[in-house]
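All chains are identified by letter, namely A, B and C, in their written order; residue positions are counted from 1 within each chain.
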Amino acid sequence: MKSDLARNEILDSVRKSLRVSNKDQQRKRVVLDHLRYHKRNLIPQRSIVDGVNLVELLTHYLKGQQANIIRIKNKEELPAAISEFLKLNNLPSRIRCGNDPHWDAIPWDQKPSLERIIGPANADDRVSLSLAFGAAAETGTLFLLSGPENPTSNNFLPETHIVMLQSSDISGPYEDVWTRLRKTPQYPAMPRTVNLISGPSRTADIEQTIALGAHGPRQLCVIIVEE
Amino acid sequence: MEPKSQFFLDRSSQALNNRELQDTFRKVGGGFAKKRGEARAALPEFDQLRDEARDIKDHVLENLDLYLEEFEKNVLNSGGHVHWAKTDQDACAIIAELCEKVDARTITKGKSMITEEIGLNDYLENAGFEVVETDLGDYLIQIRGEGPSHIIAPAIHLNRKQIEQDFRTRHQSFPADRVLDEPAQLVAEARQVLRNKFLESDVGITGANFLVAETGSTVIVTNEGNGDLTQCLPRVHIVVASIEKIVPTLEDTSTILRVLARSATGQEFSSYTTFSTGPKKAGDPDGPENFHVVLLDNGRTEMLGTEFQEMLRCIRCGACMNHCPVYQAVGGHSYGWVYPGPMGAVLAPSLLGIDRAGHLPNASTFCGRCEDVCPMRIPLPKMMRHWREREFQSGQTSAIQKAGLKIWAYFAKRPRLYHFASRQASRLFATVAGRKSYIRSIPFDSGWTAHRDLPTPQGRTFQELWEADKERQEKS
Amino acid sequence: MNPEIERPQVGLFVTCLVDFFRPNIGFAAIKLLEMANCDVEVPKAQTCCGQPAFNSGNRPDTQEIAKQVIATFSQYDYVVAPSGSCAGMLSKHYPELFRDDSQWSEKAVDFAGKVHELISFLVDVRGLNNVGGSYKGTVTYHDSCSGLRELGIKEQPRQLLRSLHGLELRELEECESCCGFGGTFSIKYPEISNAIVTRKTNDIGATNADLLLAGDLGCLLNMAGKLSRDGKRTKVRHIAEVLAGMTDTPPIGQKN
């Protein structure tokens, strides 16, 4: 059966089963209101914290999922922090990242040995750098948005993924991040991809033993900028 | 996948007598159940969230037509396409056509139960495409030619040795003397093998845990990142989802996400939860050029408005089977199709018919643990009982069973006759047993006494003794 | 806790299994109820709660049996059964059976309100927290599924067991796991039932307890039968027998 015919058949079938009519305006109003006001449901107490506690909560959960956390005072310290991390992990001093305008304010020339390649990752890239839009401390969940600033493939192809996050962008519950996204003028509509990332890639498909780096990054490093 | 649920008895018997399989199950043990318990204990609002999740889905189902229309509208607004499929064959045909249109050769797949349900892989392979499962568990069973035995851990029935054997046989390009003793080594090899497939893929097909009506987004919940590589690298991203996956808003999705991973694996949240909306935007350096959502009915509209409507709340977490004594004993393959355990016992008869899947709702002790742990509060035992009622009404219960129950009911409705018969039977049993406290075998019974002794009755019924006591008291 | 009625009239729902296999449990139940200041009657017109028909999908016969039960027991203040599954059937499923029956719906709901499982009745309604007496030995306890999940029976039996002097309670690793009885399930799917009860009896063996207790005779017959077939040493009784100090009768499946 062709899609258009199927569409009508399926919708008619739903209405028949529910014993409702397409003409019922009251129902339509209820649904449209629900969508329009997108009311919040219960928010767990644990995510209703603020300030320093948000950073600690986020850190607690990310560490629990084997992510690395580095805290820096201001974004000027970023190049040094990245270099240090790469050296410590025997990784080449070469990172893939998007053309996020936030990178323009970073003093990359302080670490000239750190090579930055702009664009979406390819198979040879071993390390990538992204800027997180925000995070929900509730479960240590980063929110990354697709786009030229932070290509989605950078979140998944390289073995090591470094994410920079402003501490002021950390929220408690997921709902606060969605609210923020809706209000951000740069995103009048949902981006193609919103990745909620709570740890490195993992699988327990072989004898329930956790192994990291199933297909996505084996290592996730989150650099939290306090200022 | 050709359903074999009607062979449940044979299949479960084979599973019970398969030593290697039982060893594997023993190692799995109550691990998932333990983790789920810990996750629940760590979140005081967990049970309240389950109530809210239930209410959200109930609201959606009551307004499913309207929410589907809103979802479709928003997918179209974001530049995506929506296709509607009444049956599994319709869905397969639509997807094959989409792949043909772009001259696809290699198709990668994220983990998707719905594509198992419709038999998509076979259909596409018959049409000449190369189909690669990228979820590690799915890959492990694909190379064995098996179906999944669990809805989130499809290869849970395999042990490390079996997987090593499969890899050595299949992956010929690696040095034969390489070490594969540890799961981590096997995972690293799979990662290497599949990486090229991700990169050469023309079409990526995923399922959807949720379809968000508010934004026209599809959501996948994974840990490996394979679903994300599947849907971001190829030119075309196709999402296949049954119509009840709709959730109204991002807020509602957040609520249900809070109970999903915790119920499934005991994680607070999965490593990757991804919201996809439309194809790549102008200026995006990566992402698919085309985004298609295939909405599938395949029997769901027939469940609406019936006593099985609540089953449509299922979010495919697997908690029910993780806690089911029957599933844990016989494993997922015994159920003979895509959906095993308690949720399969309710859903399979709806989709396959009670004549084919009849054993599934009957092979339950109604212990109730499934309902106890279901994040969406689905009354699974009650619905299994409804299937038994339908069988009874349509005369599908076995003749012997029906006759036996009829005789029993005849007596049960007539207390005096019942008590008389009980007294005789009690005496008879006790006499036959003689001095033995157990009856070791009963003629024509291969059920109880095949594996257990039957304790001998005391010899007199309670009613009998109570009456005798009362008479004695009255006389004295 | 102050019991509401000073000396209530209790109708004992014996259960078909107790009536047929082990009257001792019925007598133990009566002794305990009298200890809790109840007047106990055992109406003759009772046979079965109807579970076998109900779980086989036979609603019409179940409804007929249920009507009989409701009519027989409506005169009592309370209806008490030494079985979680029977009490669950009477209190949780009878109202659902008659939901669409205008004549019987209210009766079923009223009746259901009076129904209690024995142990939970003693503790939750009669406020009994000590049965006095003693039991010298190690005991393990199986939480029967219906009692646990339909009626919330978990702490009450343990509370009363702990009040027995000399009793050592050893918990099963998987005390809340099904024993594999499931009524007709044990006969229709015997191999699977056997696998489940084997897991349970291995768990019981690991405690090395002298005695296994539970509140449902179906479960007890199943587990006792398996323990005996496998030659394991743990004996089996209904919890009421131990609480009432009525352990002269040999354990389930033992002769003196």
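Assorted remarks:
The rule is short, and it goes like this: a contact is a pair of C-beta atoms (placed from the backbone, for glycine too) under 8 Å apart; a residue touches a chain by one contact, two chains touch by 3 or more.
From a predicted model like this one, the values you see are computed outputs, not experimental measurements.
When you average the Cα atoms of each chain and compare centres, the chain farthest from subunit C turns out to be A.
Chain-level centrality, scored on Cα centres against the all-protein Cα centre, points to B. Ranked by C-beta contact pairs, the top pair of chains is A-B. If each chain is reduced to the centroid of its CA atoms, subunit B and subunit C end up 32 Å from each other. We define each chain's centre as the mean of its Cα atoms; on that basis subunit A and subunit B are separated by 29 Å.
Averaging Cα coordinates per chain places subunit A and subunit C 53 Å apart. Looking at subunit C, one finds that none of its residues touch two or more other chains.
Contacts from subunit A toward subunit B in the complex involve residues 1, 3-4, 6-7, 9-11, 13-20, 22, 27-28, 30-32, 34-35, 38-42, 44-46, 61, 64-65, 98, 119-120, 123, 139-141, 146-148, 151-153, 155-157, 173-175, 178, 189-209, 211, 213-217.
Remark: subunit B residues 9, 12-13, 16, 30, 325-326, 329-330, 362-369, 371-372, 385, 387-393, 397, 401, 405, 408-409, 411-415, 418-419, 422, 425-426, 435-438, 445-448, 450-458, 460-463, 465-467 touch subunit C in the complex. Only residues 14, 16, 18-24, 26-27, 42, 44-48, 50, 52-59, 61, 64-65, 68, 145-146, 149-150, 174, 176-178, 180-197, 199, 221-222, 224-226, 228-229, 249-250, 252-255 of subunit C touch subunit B when the two sit together in their complex.
Per the touch definition, subunit B reaches subunit A in the complex via residues 27-28, 31, 43-45, 48-49, 52, 56, 59, 62-70, 77-78, 83-87, 90, 94, 134-137, 140, 153-156, 158-160, 163, 183-184, 186-188, 190-191, 194-195, 198-199, 213-217, 223-226, 228-229, 232-233, 243, 248-252, 254-255, 257-258, 265, 268-281, 283-287, 295, 297, 301-306.
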